[in-house]
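Both complexes shown next keep subunit A, but they swap its partner, so subunit B is in the first and subunit C is in the second.
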Partner chain A sequence: MTAIVRTLAIRAITLLGVLFAVLLLLVVSLGVTGVSDKLLEANVNEELRAFRIAQSQTIRDPNQLEQAVAQRRVELEEFYGLDTPWYRRMLPQLWRVMTLDLGRARSLRTADGSNKISDIVLERLPNTVILLTTATVITAAIGLLVGVRMATKVGTRLDRAVAYFAAVSFAVPAWWLGILFILIFAFRLDILPAGGMYSNPPPEGFPERQLDLLKHALLPILTLVLVSIGPSIYSVRTMTMTVAQEDHVLLARAKGLPEGKVTRRHILRVAAPPIVTGLIFGLAGSLSGAILTETVFNWRGMGRLFFDAFSGQPDEGVIVALTFLFTLIYVVARFILDVLYVILDPRVRY
Partner chain B sequence: MADLTALLDALAAGAITRREFFQRAAALGVSAPLASLIARQPEAVFAQEAARPGPAVDVVTFGAYNVDQAPLNVQNGDIDLYLFGLKTAGAQSLEGVDTVRLIQAPASTLSLILNPAPANEGELNPFSLPEVRLAMQYLVDREFIANDIYQGRALPMLTSVSPLDYDQLTVFPVVSGLNIRHDPEYAAQLITEAMERAGAQRQNNVWTYNGNPITLKIVVRVEDERRDIGDLVRSNLEQLGFQVQPLYQQFGPATLTVYASDPRTFGWHIYTEGWGRGAPARYDDAGVNQFYAPWLGQMPGWQEVGFWQYENQELDDLGKRLYRGEFQSQEERDELYRQMVQIGLNESIRVWLVTALQSFPIRTEVQDLTEDLVSGPKNLWALRGASIPGRSDIKVGHLWVWTERTTWNPIGGFGDVYSVDIQRNLNDPPLVYHPFTGLPQPFRADFEVETAGPNDRMPVPEDAVLWDAANDSWVPVTPGTTAKSKVTFDYSRYLQASWHHGPKITMADVIYPIAQGFEIAYDENKVQIETAIGITARPVLETIKGFRLISDTQIEVYVDYWHFEPGYIAAYASPSGVSTPWEILAAMDDVVFEKRQGAYSDTAAARFNVPWLSLVTESDARLVLRSLREFKRRGTIPAGVFEIGGQTLVTEDEAVARYDACEEWFRNTNLLIIGNGPFQLTRYDPPAQFAQLDAFRAEGYPFTAADFRLGTPPRISIEPVTPPTINLGDPISVPVTVSGPGTLSLQYTLVDPAAGQVLATGFAEGGEGGAFTVNVDPNVSSGLFPGLYQLFLLAASSDIAAVAQQRVDLQIGV
Partner chain C sequence: MAQSSAAIPQQPAPTATMPAEEQEPASAFSLRGALRLLVATGSGRAGLTLFLILVALSAYVLITYPRDFGRSRWSSPLYWADNPSAAPPVWTTWLGKEAVRHQRFTLTEPESVTQRGAAEVRDFRVTIDHTTSEPPEFVSVTLSGITFHSRAPVVVISLIRPDKPDAPVRLANVAVQGPRAGESEPYRRYYDSPLRINLTQQDTASDALAQFFQQQYPDLTPPATLDQSLVDALFGRPAADGSGRIEPLTGEYTISVQALVADTEDEIAPMTVVYGGTVYGWMGTDSLGRDIWQGLLYGFPVALLIATLASLASTIIGASLGILSGYAGGVTDTVIQRLADIVSNVPVLPLLIFLVFVLGSHLYLILLVLVAFSWPGLTILVRSMVLQIRSGQLVEAARALGASKTRIMFRHVFPQVAPFIVAQMIFFAPGAILAEASLSFLGLGDPSIPTWGQMLEAGFRTGALYVGYWWWVIPPGMMIIITAMAFMLLALGMESVVDPRLRNVS
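Here is the complex of A and B:
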């Protein structure tokens, strides 16, 4: 036991090192290459261009207009941190982020007006959980139930049908299916909303509002489940099929154990590690959102947040903070898996 | 009222009994005696509806809808109109749909910007050669772009002036004489001559310099039709022997590549630009500078320190004169403008392509919606006068209702279209640019302009005052102060009515923003906090020479500004938007400058780590409310502001009543957006992308729905001209019929396209009832050779800021 704890502790430290290294790599590559400064300068220039045009409507003296633009430039450079070199700007940011102080966004805010990145993430994360994580859980549950059953029906017509379905499910893009579903369920049948998170007008009471939110989540969840359910079923089927043909399973059946017990104790238990790996990483990955699906359904989740941070006026602080968060999620998922392996498979010892 | 209308119709049609009518009327809150009266005299009721103050409908809601889905949403009735321009495919999908029509407005223009920087040693940048740039004018196929890529929803344009703009009158002689057309052979000829002169060679059909192929980078925006335009330009250039590397990019990366880089690094050679347009402007001065003159920072180099700069002293000199108003007459102004456009065309740094017509879908049952000449349904009047029979609401769709850049504060916010498109319905401006004529005119304030002219000055009375930010008081102007113009504003139509939260609008609401402007610009402490706002306000405030309260409703403004169109002087001198009650502004000042808990601008907010104040955000509104409560507790009135002209404009009791009214308003709405217009903001829900505006019908509100119904812009058109048969030596006389409102005029230019020469230009004769005759000077026509000649016609009207054009091909002596 002591050895396991020591080993897990070393793994945890290693993973934290990975986290730090990823962030450092991001920050240094943005800084050393000059990309960070260029991004921010581009923001400044674009804002100054618009500012000049706007002020030219009222300031009728060209010299005074230039003075106003020059003053605005000074302000903007301070605002974007261009008055300090990248290593003074970004390295402290890195350290701050590692201590879970995500800092403040420059161009993004919450609906309440807060530009704290932690507030922005906390506002978007539940939206992603409702959509992506729910879809992942549903997909995993159905994948497990059906996949295990299919493992005992290898080669049958049903098995082949599932294989074809899995291929189609994998190939169909989520955004395309989403648009199709909107056309059918929202515009043709008029039974589900076409997009957005709330109705127009939105309900005012709390329970009504939450129900409205869930109603709006149905179609995107259905879309996400359908494009991932096929591969999920097929991979569980394949993983359990191999185990189901092992000698110990044959022996268990020969001993007269009920099929349910055989499935749970002798097949699933053995096939658990790779299945759980997929599930844990799927859940972790779901927290990063799905940009295309969120765009199609007008859903303000983590995927759109990352996209918003890159496109338009790039927000450096948000990019660094989100990279940290997503890497942290991966690191935590890895560590949980390392612990779970020990529990699930007695053969695994570090 | 609309439901009552439906009931009356049903009663009249016999669909319901009188008993049912009274029951349903009672359910609508109409008493039995009133219902009885209505049943007997429906016309009286309808007349009352038309006469009631405020807008046509009771409720307007805004919601966010994806631009690709919006056509379906409008067809489905989810929304009644969509305020974001559809893509071409989306607009096409609505053709033939009976329940939807499209409002088309020339709301955007497209251009190519060429990089003229000199290449490094041993290399050649083709666009550093003026002849190659000029050749691009003949290479681009504007007709194809307009008719094929935009499917007819665009108009070719040659200069920064859209073909529909009033200033076409100004540039018409220049443009019509240039004979710019799609002529790849001529473009090839120009390019070949220039490139060979520069030492380039064409090897295996590819231009090379010092043995290396010349590659042009074209940055192509991908979000819209510019992608197809970029591909078209690329194809044209490749056919002429250039290797072209397309860089397909979205807004952010494209901006980085083009506007954030030194042109000399040649990260780009061509870029597909797109420009939005707002209200019609009868007389442009900023646009021509923006698109041609280097000084305004919109030409390659972008006036960025360290970048190579495109320079043209002549354009800068002309542009600055135009910008400063250094002209004595409209003719002189027009001549400056023409010269700039001529030079700009010769330089061809910016090659104009088309004016794109944006399409806004609207359900056909929406009636009485005013359309702006340039921006379509996005104007002050549209939602105020529009209605739908049988309904008392309108559902409006937009791309977004709220974004991260949406900030509702009247000093440093309203920087995005989504907030502006809602907010314009909540307030009445003093002046407005007419949606058809493009001229400034009174809206809720009347004005009278007196001017000493461009060269003379008038004395400013010694009892006129200016705000002294150092001493927080109004002080008389320095004796001997003079000004170019005086504008007297009358705010009676404001002062007869109230704000949304109840208190009457007073001169205090007019005066406070004036003092506030001077405070932010000149108070040393405040300038340190809101530097950008303060510094940018100063140049304008320095031209204000004095204010004088001459009555309970009128204020005189003395200003150093002149324009040949008096309305422009009034628009420049307009001192106060009267968009927010003074107590809200005072409380915001307290939060920003005293308590330092919020900021007006985003840069100040970031610098001081405080919220960028937005009055639709509950937490920010509470900050302002806290200040109001303190004001009430202490009986505070802003020091000195309301002591003006020997009067005290606000008493302590009045101030306290105001503070209470704000508190009550916040209790009901959780918002502190309080306006004076026909709609009040009652719900704002950013996560749900929803806003609701309810009608404001308080007694004294000066407008009814009828006042907001200006209709659609009148059109001016030239009836197709049948070219007459003209023999050699005959006088050229062409009858032309023009249709349109007001006083019509018709200009013409006769061009020899073979020689590219302007033969004659002038005004057509006649005009009564739109009947004109173009009579070309016999001395000109007598010297012509047999062949094809082109007669360009341009018609204009005094009543709209738009023109009509036509080209007539004349076969002479053939």
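Here is the complex of A and C:
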């Protein structure tokens, strides 16, 4: 038991190291290019505007008001560390990124009208999770079911077809497939919505609203699943095939165990850890896939938010927050799968 | 994209599992032998053929296109002014759809010259056989240079219609600017910036046509709004039923450009008349009138460049770090492995997007960032292979003979992992192409170098999907897939080169 804890602790430290390295990269690149200054200045200006409006109620003399504002500016610049070079304020900046305290978005808003970046991100996060987890679960399920069956058909024409399909999925950009689906299903056949999450106006009531969401989610999920299903099936098939050739499986068969039991107990149980690894990498693919797929389908998740932050006048604060969050999600997901891995394979110790 | 770099670790490391006695001597890996093995497999053949086609197309582009194609042509609206915008490809008419063919005429010699005292009238003409009920997208005349010596020439453009050939409709008058103060003979106009006159958007044309209809068809109700459907009216006539609609009129239309020049020495340089088609080229045009086929072709050398540079660089870095890490051991090994562990745990695309956004959209920066994140997979793999080779008899024998560490690394370790590294390099190429396309699609592409991803982005952003301009979004995506497939097939074919056990199977 302590060995497991130790293993997981090492893993956690590595992943924290990743998180820290990414943070450092973010902050340094922001500092060196001067984007950090721009961000903080925007914050200062925002607060000064509020300050000026508040003060104009009590201070009548415009000269006095200007003086008060100028003094406030100096205070704020000192507070944000704008009077020192960027590397001096790296620590507070690191903390700010970590707590998503990056001020307010320029034009992006939540449904309630809040423009605080943390609010916006928290509103969009569940939408991305819905899309990602559904697609990953479907891919994993199909991959397992079909892949195990394919392992018994190695070398057949079907097997070759799956191999080629897997190769093709590497070559097809997920977002382009999404565009193709929109063109076909939304505009040619007109049977599914082209984008968004709900119809306009969104239907009310329990089943209608959920069904509407499902209808809108169908194409993006199909896109995500289609680009990752080929590699998923192929890797499960290869893992299963490798284990199936081992001696203990032969022994199990020789004992006269029913084939189902051999597959479940003696093949899949052994092949599980590498299959889980495959899942980890699949998740990595779908995270980046989700950024672009959400963009194409106008799915109000973090990917679309990322895209919106770039288009028009780029919103640096949102971009920084999202890059950090994507890393965080990725690292957390990997840790969860690492825990799974350690539980599945008692031999894995670092 | 992360997809492919993620897949690298899943690839079995075949050489590593090879028993020591099966290991080939260093010299056995020859280019010719590898090529022969590659061609022996179906996917290798297909991949090689595709790849050669891509190279040929790229060579064609490099020879025929100007160096700064992106800046001087692709992103210069003026260059495409004479193309119809958002026109579908020509071959869509093969399915029976009626369409106007795009035609472009260059007029150098006047058809007739009439003396008028000291002055003369030069009449340039072009006759168009208009056979479709659909009017052309537009008709334009571009004057690309006029030289005069005393008085400025006057240019009159008129349309001679098939219904009343003897009553030309005067569409536009061009008063060339006379001599400016301080300017000396000869006076040159429009050489640097040609004067383009869109005849189907001229107020004078609209007025002249209304007058023409009134005189020639006095019994029929004249069409109410000529301004909005001027091009329909120019290539049509008031409906015979008197409803005030316009019905198409087919036949031979002549565009006559008459230049009244004061001096016979005056020059009217070649002018261009364009009869704008409703279909254009092999792949149609986008909303700015850009020829999509030209953009698609230009994408080939760019994609190959991205693929080659990115995969070459990341493979060299990944492999050398891997060999170093595996062979040196100790602190070097630990540091490299920790570093690789961290970098391989980073979600590539979000960081790629972030860095390119912060650092700027230059192709070399995109490549640099791409390489920075893609080496660890190979490093980890190569290290594990090197560890196995290092403990093998070959290296032991070399060491016993007194070979130096460097010599062993280059002469004995490297040749054994080389085929595997080459295979991984090819395998990495489609990932680089896709990553660049994804970045471009998010609007972070290098604006001076058009790529397929950027074409897709332009189409997506301007809503090409919603109005059904499929020729703008499907072909660039197909090009990305075909190019990536060429590398994927090559990588599949390389399997038998890398893994000798597969040679007898297929």
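Simple rule for what comes next: the second predicted complex is superposed on the first by the 177 of 350 C-alpha atoms of A that agree within 3 Å, B and C clash if a C-alpha of one lies under 4 Å from a C-alpha of the other, contacts with A are read in each partner's own complex, and residues count from 1 in each chain.
Everything below uses one rule, namely that a residue touches a chain if its C-beta (ideal position, glycine included) is under 8 Å from a C-beta of that chain, and two chains touch if they have at least 3 such contacts.
Treat the numbers as computed from the prediction; the structure is a model and nothing was measured.
In the superposition on chain A, contact is made by A:L39 with subunit B only, not with subunit C. Legend: residue contacts after superposition of the two complexes on their common chain; A:I182 is shown touching both subunit B and subunit C. In the superposed model, A:P314 lies in contact with both subunit B and subunit C.
In the superposition on chain A, contact of A:P126 is made with neither subunit B nor subunit C. In the overlay built on the shared chain, the residue A:G196 is in contact with subunit B alone; subunit C does not reach it. In the superposition on chain A, contact is made by A:R109 with subunit B only, not with subunit C. Judged by the touch definition given at the top, the superposed model places A:P85 against neither subunit B nor subunit C.
Of the two partner chains, neither subunit B nor subunit C is touched by A:P258.
With the contact threshold set out at the top, residues 182-183, 187, 194, 296, 310-311, 314 of subunit A are in contact with subunit B in one structure and with subunit C in the other. By the touch rule above, subunit A contacts subunit C in their complex via residues 14-15, 17-18, 21-22, 25-26, 29-30, 33, 35, 163, 167-168, 170-173, 175-176, 179-180, 182-183, 187, 194, 227-228, 231, 235, 238, 277-278, 281-282, 284-285, 287-289, 291-292, 295-296, 306-307, 310-311, 314, 319-320, 322-323, 326-327, 330-331, 334. Residues 1-4, 6-7, 9-10, 12, 338, 341-342, 345-351, 353-355, 357-359, 430-431, 434, 437-438, 441-444, 456, 460-461, 465-466, 468, 470, 473-474, 477, 480-481, 484-485, 488-489, 492 of subunit C are the ones that touch subunit A when the two sit in their complex.
Partner subunit B is touched in their complex by these residues of subunit A: 38-39, 41-42, 45-46, 48-49, 52-53, 55-62, 64-69, 71-72, 74-76, 78-79, 104, 106-109, 111-115, 182-183, 187, 190, 194-202, 296, 298, 300, 308, 310-314. On subunit B, the positions that touch subunit A within their shared complex are 61, 63-66, 69, 72-73, 76, 78, 250-252, 255-256, 259-260, 286, 289-290, 295-298, 302-304, 320, 323-325, 395, 402, 404-405, 531-532, 535-536, 538-540, 543, 561, 572, 602-603, 605-607, 609, 611-612, 614, 617-620, 683, 685-690, 692.
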